[in-house]
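Note that the chains take the letters A, B, C and D in the order they are written out, and that residue 1 is the start of every chain.
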């Protein structure tokens, strides 16, 4: 009964099917029929003109997106605990040629206009200090918190006022949309670029970068190739993304994961460090308690000395979620 | 009857099977059982201590390998028509932080010690000129030519004498080994790193970087992550590579492709621009002749004004190869 | 009566003289007689084998030095208020190809082993997190505080224990040595590289990077050229550095600046935010008080809302220092 | 009697005077009065709106200029023997973050529209190949050849047609203008940026980057700082540039150097490898002949096995030029 992460879960059968169906040779790279459909599918989904590129990882998606919004001599404001800062091995420094991440605080790993201003307002407007060029938010956040549409709109308004680009790291975008019950467009706000996650949500090896300004995609296409991310059998990545969109599988999968998380959350009460607004739970548990749970066969990561992180996935079994809930309740 | 490229061919059934067998969740990234086996498998294959990393593309493999052999202020000698120079969208410049490719000539897109010396001997040993740090050869070459073991040994001796690293771009390494009938170790020579291709040989989305100096792999692991190439469900890449090695599928596939190329070559006679030593044919064909072949349903790329390139793959049907041979003979 | 900064003060007459004396054509770049003497002179000064390179700015000195100690995928621990973090326009990101600055806290902008451990101990030893490769300290610090030899030794011991390089930003190294009354070797501790400042201390356009591991200098020479910092009339930079070393002008100038700072400090009492251990004073002064001082002809920078920074230089006149001291005492 | 290079010649007395006059403290970096005047002075000189930045070296000037015209994933067309390709230690790769130099041929190290088209026309317009973004020409060229205004206009027309930027490396721009007898505007053509050389023409350590599109300068200012090229006592660099412009000292110096070259050229006849259109001579001389000249006290560089390069400078004495002419005539 594994709650370690959604990032290594099995691949959804419909994704497998779509990949198998794509086996026959087609044009290489992104010249195949499926890849060519992506722009239209995402334009439908978001109700505005989109250009979408597949890549294999969220790190590549985030960094290729950010590189279109921030020059090498600029900076990107993000949360101090954002994935791009903490868990991408310095990839933003590589892809953005040394641009700087500017770290803001914020409850639940979410940014606010105030937190962003606290970072950027003291920056002198001179060449001695790196100037901000973009903001990156994570939807849902590293602590499984989802930005409400009005929160994103407020951040977007600040970005526009200061001439900054806005990027959304949506490794768990599906979980946020499923939680919020809003449209995808509302959940992404006035961003120029979105990393649309699939791998954690039943995919195998495909994420999408969705550009709401297609001119940015034209630059990103060159940089994707230059980063070695233009796979020659790209049709298998496009197939994954298309399968996720088909019949809103992405939302169905996210709802399943969120439901499992909600089930468990019900048993956690005051143990919860953060409201559960996606598929992650951060639960105060003593070392002894964690040992008890592990003894019962539950797998999860420690979160510091006195807590644990549980992540549900599209295929978390109801029984397992209930068992974990019960086990926590019984502690 | 497509002879456009091997880079978009279907995936071999045994690769599919291996991927399906890897579906159950395992440790993320390269912590899974399959990924952990790669070092040992390649060490067996090459008869010396190897460390192997999967990546999704040959471009990433080449550039991550080269980045371990050449600092940002150095240079890499390669053939003027090498893939890293001509077809990787400037990826070496990105991964090597601006290091320089130093272009040598050579028949059949193959380097020789003489050609390399012609490039590096005139370089003054001062800070005004970029100094060479590595050599990259392609096995088989861009024109489907294979380096004989003694040719590689001679290049390796020069590299050692000058303190240069040696990298082998083996996007079609299997085809070279199949053609040469030598051991993999002989076909890679005294290189420090090999890009071991699978995608063109029946794989889907996995190549391997094989380091013959495991210390280089330790650096490459950080850089792979930093380049966004560390997939969280890496077990699916490891599965592809393992399937290719299992029972020497990689050689069987390459032999099939080579055999089809040889079949066609038999009909080309003096039309051949290069001896066929792998699975590519460069054939002198007038525009009219090409039109005739296309009219008969053959797909291929033009190669300049008066020639065409045909590439066979692991799954090229005997009938198709014979049909093409006959069609060329009938021109 | 300007106390804005030492970074734009006049050039010392002996520096001018040395530059004039270097006017006759000599070998270009660093082939001239003066440049060739630098290694020996610094080896004498520090009592160990040194290799020294001139560059035009402290930013270039710091970044070229750090680039020899930290690979692109690594990190450099420095104080949150270090010049490399705050005031170099992102130059470390450029020169180190995207390596990360890891920000530590510490009183008076000084690092301690504890502060460094607080930053590096939580870093997981895996490829997802940037690993530290070097430490950079500033002697004297951004707040004019000087590291005692035992403090540097302790930091050096930690660096050695963790396999980290150690760099000293010595833009005001002379002021620190003059304050500490120790040898230059004691004031630099077990560092591999020192940015030896001259410009703030009576020079015009030359700093020296002193490598205590000459092999690092060999790399830095290539990178200096590559950064456009190898001036063809480099003899004029060497002449400045040599003039500063000749007869210990560097120390005489620093003592003069420190003395002026001490004179002023005597009038500041509890207004001082930091002990004065070099040539900078951070003085609590209300807006009204600052207005009074400016009305009396004193120039200085505000330091936040309720303080001011005064910097003395080699040529600060005694009368001016006394006048400022008196003016502050009279507030 | 040294004809090695103009790059290490003495500094002109009026440059020294201007530097001394700038000694009194002024605002740091480029906030001083002299630096602030540069835009206006160059706007006057070129008869259009210019923004000008000083830097210490031609390498920095070239690379900062090119970085405003070409993104990291792009390419810059230049001559195969251009300084940026051959003699800058890979600086373009550093400053342009791995962008590619695309090498064209051309008589006398000069580009032509045809030569440029030969390089760029075969580039497929896809992401696999680096796309050209700019052209860089050298005025006067590496072989001392000067572009005529109509030649630059033709290159500029091609650049405009293909959407490419145009940069002029003017390390010896003064010599070209002096030779051509045209206006500076005619000698720079429709470029967006010019590296305006001073160091080889009587300066000490200052070149100017002149942007004919001031928006580019705004970016270059950040990058200059980021490259460690923003000197705090920048007034000494501005003073050099201003001194060169004052009373057209730059042209007087160049005329003197050119005249000396012409004097020598008169004695060379068929020995000349290139017409002398600036201050460099490439002269066919056997090893024995070179030995004879050196025995007579002449200093110069060998140019391959059977030739020598002679460079005159602003301060080449008439007697020395005549002596060399005579010595060559007597061979």
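The rule is simple: a residue touches a chain if its C-beta (ideal position, glycine included) is under 8 Å from a C-beta of that chain, and two chains touch if they have at least 3 such contacts.
In this text the structure is predicted, and so the values were computed from the model without any measurement.
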item	value
Longest centre-to-centre distance from chain A, chain (CA-based)	D
Chain pair with the higher count of C-beta pairs in contact (B-D, A-D)	B-D
Centroid spacing, where centroids are CA-atom means, of chain A and chain B in whole angstrom	34
Centroid distance [mean C-alpha coordinates] between chain D and chain A, Å	50
Distance between chain centroids, defined by C-alpha means - chain B, chain D (Å)	42
Sequence positions of chain A contacting 2 or more other chains	72-73, 88-90, 93-94, 97, 127-128, 222, 225-226, 230
Chain C partner contacts - residues on chain B that touch it in the complex	71-73, 97, 127-128, 131, 219, 221-226, 230
Chain A - residues contacting chain C, complex	72-73, 75, 86-90, 92-94, 96-100, 127-130
Touch list for chain A against partner chain B, complex	2, 4-5, 7-11, 16, 20, 23-28, 32, 55-57, 59-61, 63-64, 88-91, 93-95, 199-200, 204-205, 222, 225-233, 235-237
